[in-house]
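Here the structure comes first, spelled out in structure tokens, and everything after it is commentary.
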Amino acid sequence: MMLKNMLPRCIGLSLVLLVLMTYPVAAAEGSSLNSGDTAFLIICTGLVMLMTPGLALFYGGMVKRKNVLSILMQCFVIMALVSVQWIMIGYTLSFGSDISGIIGGLDWLGFKNVVFNSDNAYVGTVPHSVFALFQLMFAIITAAIITGSFAERMRFSAFIIFIFSWTTLVYDPLAHWVWGGGFLSKLGALDFAGGMVVHISSGVSGLITALVLGKRREENPGPIVSHNLPMTVLGTALLWFGWFGFNAGSALKADEIAGLALLTTNTAAAAASLSWIIIEWIRQGKPTVLGAASGAVAGMVAITPAAGFVSPLSALIIGLLVSPLCYFAVSRLKTYLGYDDALDAFGIHGIGGTFGALATGIFASKRVNPAGVDGILYGGVHLFRAELIGIIVTYLYAAFMTWLILNVLKGLIPLRVSREEEEAGLDVSVHGENAYNM
Amino acid sequence: MKKIEAVIRPTSLEVLKKALNEMEVRGMTVYNVMGRGLQKDIKQYYRGQEVEVDLFPKVKVEIVCRDHWKDRIVEKIIKVCQTGQIGDGKIFVYPVEDIIRISTGERGDSAL
Amino acid sequence: MMLKNMLPRCIGLSLVLLVLMTYPVAAAEGSSLNSGDTAFLIICTGLVMLMTPGLALFYGGMVKRKNVLSILMQCFVIMALVSVQWIMIGYTLSFGSDISGIIGGLDWLGFKNVVFNSDNAYVGTVPHSVFALFQLMFAIITAAIITGSFAERMRFSAFIIFIFSWTTLVYDPLAHWVWGGGFLSKLGALDFAGGMVVHISSGVSGLITALVLGKRREENPGPIVSHNLPMTVLGTALLWFGWFGFNAGSALKADEIAGLALLTTNTAAAAASLSWIIIEWIRQGKPTVLGAASGAVAGMVAITPAAGFVSPLSALIIGLLVSPLCYFAVSRLKTYLGYDDALDAFGIHGIGGTFGALATGIFASKRVNPAGVDGILYGGVHLFRAELIGIIVTYLYAAFMTWLILNVLKGLIPLRVSREEEEAGLDVSVHGENAYNM
Amino acid sequence: MMLKNMLPRCIGLSLVLLVLMTYPVAAAEGSSLNSGDTAFLIICTGLVMLMTPGLALFYGGMVKRKNVLSILMQCFVIMALVSVQWIMIGYTLSFGSDISGIIGGLDWLGFKNVVFNSDNAYVGTVPHSVFALFQLMFAIITAAIITGSFAERMRFSAFIIFIFSWTTLVYDPLAHWVWGGGFLSKLGALDFAGGMVVHISSGVSGLITALVLGKRREENPGPIVSHNLPMTVLGTALLWFGWFGFNAGSALKADEIAGLALLTTNTAAAAASLSWIIIEWIRQGKPTVLGAASGAVAGMVAITPAAGFVSPLSALIIGLLVSPLCYFAVSRLKTYLGYDDALDAFGIHGIGGTFGALATGIFASKRVNPAGVDGILYGGVHLFRAELIGIIVTYLYAAFMTWLILNVLKGLIPLRVSREEEEAGLDVSVHGENAYNM
Amino acid sequence: MKKIEAVIRPTSLEVLKKALNEMEVRGMTVYNVMGRGLQKDIKQYYRGQEVEVDLFPKVKVEIVCRDHWKDRIVEKIIKVCQTGQIGDGKIFVYPVEDIIRISTGERGDSAL
Amino acid sequence: MKKIEAVIRPTSLEVLKKALNEMEVRGMTVYNVMGRGLQKDIKQYYRGQEVEVDLFPKVKVEIVCRDHWKDRIVEKIIKVCQTGQIGDGKIFVYPVEDIIRISTGERGDSAL
């Protein structure tokens, strides 16, 4: 009898001990925070944040000396403006609970419950606030990329209104469609770190702004205006550095997928930089620094949608192929069609992003990332079709909305600075400052 | 021989160069200067403090030429650099006593 | 009998297994190191380190071309000098075992036991060496901020002695009072990442140095000397990036508080940048890049003491309000009172830090951070009073000690360079170098 | 009977539960990934990556205005070229399974199995891809250091072939000998983060290239050509920042050794920066910014092999001593021997690395790092001898192979640009670009 | 018409501009130059190596004026730029043959 | 008094300075200019687009001297700056009416 009682107790005791032991683990899973992942995503947020100043320098070195501050100012103001917009409304439109696949609900309006209450399906093992801020940095850089197209001529007030409208009406819905549970994600389109949401959308919108605003007044017969190429190289370095956070961070965890994304990003950047200068060497006899830098950026653009889904050798091929395309776009297509996409936001980000999204549909492999889908090369056709639809939707939506915003705006205020202001340079005429004083 | 010194808008340099090229006037020396004339001051700002700036960026183009070329070149400069607005710049003409081409040691008109 | 023996064994075996299993966990808790937190704090240490070169560029772009190296040199030498001072004596004065609330004991003299023996109450889940180095970076940047006040005129030898004395006699005690278990912390003053210790102390000390050294010789009627504004923008970008490490890292853990600090920091920077250019737009008609940059810095200064204690919306308000204050201080107050705080260390860091410390007393909320205290807005009065006392103590102590150090020093050597040296520029006359050669 | 059956069941149940419970842990230990370490190494990879642009700016500021792009271009192309080489062949030569202590096998050819299959002895708790990419960044910076020696005169095509050959024939074997299980590691030589592999090898190879290429054509009687010292300071700051990742990351874990390396790195940089300007102050009366920067770099070079093995006070001494040596090398030895090591790759990295490797043999202590070895100061002689052998091997191998590569190359194409190209500047004559346009 | 070319200390530019303004002399062209004169060499350093530097930063101010204004302007320059120390700079005066305002085509004195 | 204006290769400046120093000619003013002459255009590139660049960096050296020094200085410049290749530059000589040393107010030859 005693024994009969003891046996269950023996078992019971074991169970209690087991439960006690597992408690901390269970608790950890309840709050589900992982310090390694959190550390990772906080730092990655910093890296992606740094990309926007990096882009500003990349662009700033390429413009005329008298307009460099206006470029830096636009990128800087985008950081400020989109940060506030994101907290108030942008984040919830993008990542709030899905409303018919179109837009996010107002769950996180004003970042309500983002700090106090961290239940969010997207968040995984990091604090909700960190996830939300990481995503903010993507919204910022996307808007900043567009500035390259309308550089050296847009009015500052028109710029402010345009950016605010664009990020709310174009970026936020797109981010929702692809990453926030919207219809494109349901369709099966993969976009690891933003080939469509970030690069195609900004590139295409840039093209439209260039078309609507018209060309810069020509002063020089030639196109060389880059006033400070070391500045451009520094910007490229910061972009390369930040892109590690952009792509690896998009795994949202410090795991093997993050490692893969790191690897493919670096590989594509390197390969595209090489292939750009090879083309230049062949065609011009002189490989340029701006070419090496442009190639690296093009490579990172192209690998962005694919970063966590393809093998390093696929990344190498993607990198090698994207540069010839972008080189052709910026040196021939632009001249041929005659639009003035000043710093080639479309030529690099639009074209590179498009190629990258298609390449995802070709090179993605479940052997590399079991959570992914197989591309054409691995026997899957569905993904490629989904990518194609995603690209077309992004092109149409971004182009139409940008055109609409600009035309409404045009009815209200002039979009361009005056001839005198353009001649004097935007730095002094719009911002009352000189970049360099003797 | 004369020296023509034209202080012009930076934005006029490229067209001027092209125009002179067409006249087969190639020799010239160019540098950036800051200039003050009738152009009215503009305001710049430094942390809330206002500063009147009265020096504007200009480009100085120096062309040394034979005496009888002087007028043609001056006409051409006026033609391509004139917008009619204040700030178009000025042309100054100076006498030149001698010219030497360093590479050959040639002197005078033949050094041009 | 056998059974009787078996039962205990059954239980015993279970227990042994359990103990074996738990052993690694227990051991890990014994050494209490967490790799995620350690990774986080090491990288944050790097980010805060990068702030000092960032500040050097921020400042360097604002001075005359002939003095830019002297600014860079001062910041660089501070990195070197304070690093050595910290290892030898600074760290132990700040964080050694408390002596009557006034100063730290000599426990860690020469970093003894900081590496070999890691028992330290402040350290938590990271190696003691990492904690100590993270704190060092705060000591460095604080001293570097002061250089903005005496730029373009201080003798280099006087500078060296001043900085060494200042960091030992002003920074180390203050850090102890607020963070090292000293009397201010016992009083209940909160200073998340250094509103008082870093910004008020450096800003006030800067003001005193500007007063004691006197004005720069006037060459220009106007105040515009900034020789390279893109350099200032780059510096601001590095500051923004580094500040993520400064504020989020101050949580000492990669957790939700770190996430909150990240969020409030970015929000305050953005809001303050916006509100600065809005004021400029209204008053001057031209929003400047230097304004956008100054605003961002002011916002980050103001949020520093509050970063882990307030909600994002409070951070937004703090950011929006700090810029008008600082704008007024640098454009009106300075001219009115006539001191030559060359690069506005007091106007931005002193004023911004003061406002931030008060704002902490107003906006802090236990709902956001249960380890915090409620500010006035949430019904707590005590905190505000403690902040006020903390501010007053910091002002008085920093001002008096700086004045004392400078006056003792003045008795020994001249504080300023000669008229000829100032005219030729400090770069060539003090350091025998030109920043830019053709 | 029933009881007899129940007892085993009782035990069995406990065991099953235990096994179930331990499963995730066991699995985690099987894959052995740690998110904190992974986060750490991914970010450190980014930091080390950033060192190469940092070096490019450090160097770029020191050359003539007309050659700055060529320096930036060389460093940039090295990033691209070595990235591709590493993936294809470099990594496996360095870290593939050891073949008689001489070279790595072809296990990881084309990064095969680096992503798909992560069994690798070196990897520890991070994904194999991350380890491999972290190591790549070392290969890149090493090649980039050499460019300082042949700056302002090498032909671009000769440069490309040279770098590709050098990284394959010099760096990869050396990395294998020291870190990949090759004969030097078996000998007992310690090289924490690359004193021999990175700094001695690049410095010595730089010296040889300077000798083989000959001097730059003298235009100026004096040596001052540095066109932009703020650029050099910015580069130094990025190097300092990146070196945290370089040295701390070499622990491969976010642990106390990483913390120690962080601490010793910062300390040596600071001490060496101070001692360099002290020498300058004594000898010239004017401490220079370039001196402060050069000292910091020399200090970090010297601590590199020792970073995880010595105490902070030893690091202080190492830092204080290395600068006088390097100062002597760059200002006297170079003039005396008459080689034109343009930017002192040998004077700083060669000399500093040699001193650091010897210092490791002197100051290393098992009390600091139990996994290390005791140096002379702590009674161990063996380590010092091993270091000495390692240094000699590195000198001989790097010098001979570099000489060989250059001489073979010389037979094929000219190594130097023409007199006209050198006079016009490499930027315009080789790359068809100007760094700065008005 | 004369051209007055003053090579002055950079620190004197602002006061000179103000002084000329008060005389209602507005037209001027300014640029940075490096100059060598009686000022003694200074030493600069590059990684322990000493270099004698003999070119110092100066500012050149060019003013073209009517003949009878020349002396007044020269006096004024001396007055505001003189510290009495070596390095104050020099003034050179040159003959000018012609002046043209580009915006209007006016010539000679009336173009000033 | 004459003004000698030599537009030379940037790489010749240091030797020229040294050579003039040996002649005890110290006074000079130097600045960077861009020049066009017989030197043939070179090509530059911007993202695949080709641009002909016809302005090359040169250094202008201005030396004001007594009349009888003129030839000696010109000879010396030719000597040290001549490579015989196109692009060596040119020397222009202008008349100078007056010279004033600001620090002392001295005029004419004695101001040199």
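By letter and in written order, the chains are A, B, C, D, E and F; residue numbering begins at 1 in each of them.
The rule is short, and it goes like this: a contact is a pair of C-beta atoms (placed from the backbone, for glycine too) under 8 Å apart; a residue touches a chain by one contact, two chains touch by 3 or more.
Please read these numbers as outputs of a predicted model, since none were measured by experiment.
Among the remaining chains, those touching subunit B as well as subunit C are A, E. Set against one another, C-E and D-E show the most C-beta pairs in contact at D-E. Although subunit B and subunit F share one sequence, what matters here is the overlap of their interface residues, and that overlap falls short of half of the numbers used. Remark: subunit A and subunit B have CA centroids separated by 47 Å (rounded to whole angstrom). With each centre defined as the average position of its C-alpha atoms, the distance from subunit A to subunit D rounds to 31 Å. Rounded to whole angstrom units, the spacing between the C-alpha centres of subunit A and subunit F is 52. A straight line joining the Cα centres of subunit E and subunit F is 18 Å long.
Shown for subunit D are the residues in touch with two or more other chains, namely 3, 7, 10, 14, 18, 21, 34-37, 39-40, 43, 224, 226, 228, 234, 284, 286, 288, 290, 432-434, 438.
Each of residues 10, 31-32, 43-46, 94-95 in subunit B touches at least two other chains.
Applying the touch criterion to all chain pairs gives A-B, A-C, A-D, A-F, B-C, B-E, B-F, C-D, C-E, D-E, D-F, E-F. Listed in rising order, the residues of subunit B touching subunit C in the complex are 43-52.
Subunit A contributes residues 3, 7, 10-11, 14-15, 18, 21-22, 34-37, 39-40, 43, 47, 65, 125, 224-230, 233-234, 236-237, 240-241, 244-245, 248, 253-256, 258-260, 262-263, 266-267, 269-271, 273-274, 277, 284, 286-290, 292-293, 295-296, 311-313, 316, 367-368 to its touches with subunit D in the complex. Within the complex, the subunit A residues that touch subunit B are 66, 219-222, 423, 428, 432-434. Residue ranges of subunit E in contact with subunit F, taken from their complex: 2, 6-8, 31-38, 54-55, 58, 60, 74, 77-78, 81-95. Per the touch definition, subunit B reaches subunit F in the complex via residues 3, 17, 26-31, 64, 94-105, 111.
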